[in-house]
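Next come two complexes, and both contain subunit A; in the first it sits with subunit B, in the second with subunit C.
After this line comes the complex of A and B, so read on.
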């Protein structure tokens, strides 16, 4: 039998590996990082000394449990760190890592590829000193550095408050927390957020802590312009439409998270539009099984629900895979995991309601604002592609003026490009179509 | 010159030496190339489309905005590569 390949070693990938080993299988685990953990449970390089409580806060116990269990797997898995998957074909998976380029026969594929920040273009967002919100957390967690001396946090989502809190606790000066969501959005989402009272309480605690420590926190904000050659400040409009400027030498920007789905696309998995998350997502069953091709998905790469849900989904997808290979599966355990997933989904929908994606920023963005960071395609150029050139879907627009065609393959600009396309035509976001993935999904050396 | 990043923790690691466009600099063992560079400077490269300097963005290997090279012609993502003693980095044209 061809070996199972797990891609990604965050909470979903680690849990999947543990479950497959329990089922008597020896999966290949491919991961880009030096050490397993993913982004949320990312471990600093050797020689760093902060304890898990300082790195992962309330999730320290869960992170440590997964790290230790995964490390203890030893050679019961074929673990390939510092290795990326750059292509998936019907009969092969192509890797690039310390051994150079490697072709694996394609066995059952379990994709746990995680998420990156969900972004919208802001005038000046490519300037040095602007980093993604998730990246700002990675800097502190994995390197012990702040992204600047005086840091502003702008965007929305639970991470906005968590990372601002972590920065302030670590001794950084937090210039402001500028949330694009209205305060009332959070209130209205409370019934859904009550699905996870502990998490809800933590979120309220971070907000209260920041306020109590004199950090300006504003709701209903619209960011306008990042100043300086490198960042010197941010102009923004408050909920009363007044102009404000926050002086800062760094800006953390992020509007929630988006699933990283390019490998699922290359693996031939069908997609469906998720109107809550405003993203085309792999069309999988409740256990993470794709309709064909022996492909399974788990974690934030399937739908963003956070670390605890990712671990549960990793176990569930691995059980589905094991069952499909004819291994005996504990159906009671599986049913318990399914029940937990329903609660995680309810909470995730609460977060989406509390922190809506402020897509109206695209309507007011200046023509000069860069939309695609890699190819330096402006919002104005995209407006031209849709208005004058008549690009009927987002892939046509990409062919005409290149947004999403650069090195990141649309990871940073793809959702904003689709939203802009749909808004220019007065249609809902699913009508823009879906930017198709192309190998190589990440750059590989030609030599 | 003042850098972009600021160290808040983990400052007891051993120092290592590297060069950036020929200039001798120091970093701490375990720094990524991006950390090592942004402790000294505010950018790692210029956009090939003429829209100005860039300093990376996602810090998790996804955005491809922090590519840098070395004197042997290798190219890599600064955020996903650890700096090593004696590394000779060159910013890309």
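After this line comes the complex of A and C, so read on.
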């Protein structure tokens, strides 16, 4: 039998590997990072000494448990760190890593490719000193460095408060937390958020801690302009539409997360639009099984629900895969995992309600605001592509004026481009279509 | 407005035909199954190359070159066309003999090529592999952005009065007394005295449904593009035989092709990783400095190729008022602007000043 290939060694991939080994299989685990952990449970490079409690806070126990269990798998898995899966074909998976380029026969595929920050263009967002929210957390977690001395956090999503809290705890000055969601959004989301009382309590704790330590926290904010050659400040409007400026030497910007779905696309998985997450996502069943092709998805790469849900989904998808290979499966355990997933989904919907995507920022963006930084495509150019050139969907806009055609292949700018396209045409976001994935999913060396 | 001619297929050929017909006072209706200029016209290499073409193609190709050279006047935008020149590289002395012989053969037809030996290649292009035997240089050839060309011709055609419909699938063309009844998937039906079949890879089936057979197949040229790089090469180039073809766009990305992708589903082709890797190795051999670059994307599309590798352009031998233009893989992007002009002449005047001998579909049935 051709070996199972797990792509990604975050919570979902690690849990899937553990489950498959328990089922008597020896999966290949391919991961881009130097050490297993993914983003939320990212481990610093060898030799760094910040303890788990400092790195992962309330998640320290869960992170440590998974790290140790995965490390203990030893050669019961074929683990390939620092390796990129750059193409998936009907009969092959292509890797690029320390062994150079490797072609694997395509066995069952379990994709646990995670998520990246969801970005929206703000005037000046590409200046030195502006980081994505997730990126600013990675800097702290992996390297033990802050992105600046006096850091402002702007955008939306639970990460906003968590990272601001982590920065403050690590000794950075937090200039402000500028939340684009309204205070009332959080109140209205409470019934859904009650699906995970511990997490809800933690979020309220971060907010309270920041306020208690004198950090200005504002709701209903609209960021306008990042000032300086390198960042010196941010102008923003408050909920009462008054202009404010926050002085800072670094800015973390983020508007939630987006699933990394290119490999699922290359593997031939069908997609459907998720109106809550405002993204085309792989169309899979409740266990993570794609309709055909022996493809399984788990974790934030299938739909963003966070680390604990990713671990559960990794186990569930691995059980589905094992069952499809004819291995005996503990159905009671599977049903318990399904029940947990339903609660995670409810909580995730609560988060989406508490932190709505501030898509109206696109309506007020100036024409010369950069949309696609790889190809230097501005919001104004995109307006021209839709208005004068008649680009019917996001792929046509890409063909005409190049958003999403550069090094990132739309992984960073693609959703904002789709949202802008749809809004310019007065249509819901699914009507913009979705950028087609092509190999390589990330740049590969030519020789 | 009642159309007097239907064009099936909104690639660059169909859009150019619509433009020329509308400017000649005709009332063309163009029906495109997908998006305008998005199939082979939109995803090809972007070479605008006359050298290497068969002798009988040259009058048409040189006429098209004149259109490319005046694109801004004709469609209002340059589609990033640059008259950058084109090198046809010879790896071996035997290859150099072959390309030099071609240069001799085409000179009387008005195509001026310069034969350059290996030493001269090394002098002009020190970045190239030092073992090349030589090349022929075509100063009048160029390159353009294929994604822009079809839609630009379509906009100009619309402005001239053509009706252009995308997402309009033609399901049947039936010869009737008044010409042809054309039915689309949305249930509409229009009868016109004339039809142009410029349906790309799908055109042979349409021709066959009307009794005009031309043996062909679909192919999927595999394309690769790097991240933007400092200026490395200003001209477009190809390799004699089946080697790599390559150009660097003004933004700095190096685009190259070699070999084939594959069909993933009906009407959906995808690039092949193995093919891409082979093309990358060949590109690095040709331009060793590329070895340090990153590839950011690969792609392919569906192109039509006929059994003898040459296109069909001209009237149907069987039906008055039916014209074909297909089998254009490797030819179409450069030729399309002039093919549209020629089709407009055939449909309007009954003949074209451009000789079309050699393009006739009867070559597959005669004898």
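Simple rule for what comes next: the second predicted complex is superposed on the first by the 447 of 447 C-alpha atoms of A that agree within 3 Å, B and C clash if a C-alpha of one lies under 4 Å from a C-alpha of the other, contacts with A are read in each partner's own complex, and residues count from 1 in each chain.
The rule is simple: contacts are C-beta pairs under 8 Å (C-beta built on N, C-alpha and C of every residue); 3 or more make two chains touch, one makes a residue touch a chain.
Because the structure is predicted, anything quoted here is derived from the model rather than measured.
Of the two partner chains, subunit B is the only one that A:139 touches; subunit C does not reach it. By the document's definition of touching, of the two partners only subunit B reaches A:126; subunit C does not. Using the contact criterion defined above for the overlaid structures, shared-chain residue A:445 touches subunit B and also reaches subunit C. Shared-chain residue A:229: touches subunit B; no touch with subunit C. By the touch criterion defined above, A:406 reaches both subunit B and subunit C.
Contact comparison for subunit A: of subunit B and subunit C, B touches the greater number of residues.
Once chain A of one complex is fitted onto chain A of the other, the partner contacts of A:149 are limited to subunit B, with no touch recorded for subunit C.
Touch criterion met: A:87 reaches subunit C, while subunit B stays clear of it.
Contacts of A:49 after superposition: subunit B is touched, whereas subunit C is not reached.
Overlap of the subunit B and subunit C contact sets on subunit A: residues 375, 406-407, 443, 445.
Of all residues in subunit B, only 4-14, 29-32, 35, 38-39, 42-43, 47, 49-65, 67, 75, 79-80, 82 touch subunit A in the complex they form. Contact residues on subunit A toward subunit C in their complex (touch as defined above): 86-87, 89-90, 92, 94, 101, 103, 268, 375, 389-390, 392, 396, 399-400, 405-407, 409, 438-440, 443-447.
On the subunit A side of its complex with subunit B, the touching residues are 32, 34, 39, 44-50, 54, 84, 116-117, 126-132, 134-136, 138-140, 143-149, 170-172, 229-230, 249-250, 260, 370, 373-376, 406-408, 411-412, 442-443, 445. Across the complex, subunit C meets subunit A through its residues 35, 38, 42, 147-148, 151, 155, 166, 226-228, 251, 264, 270-274, 276-277, 280-281, 283-284, 290-299.
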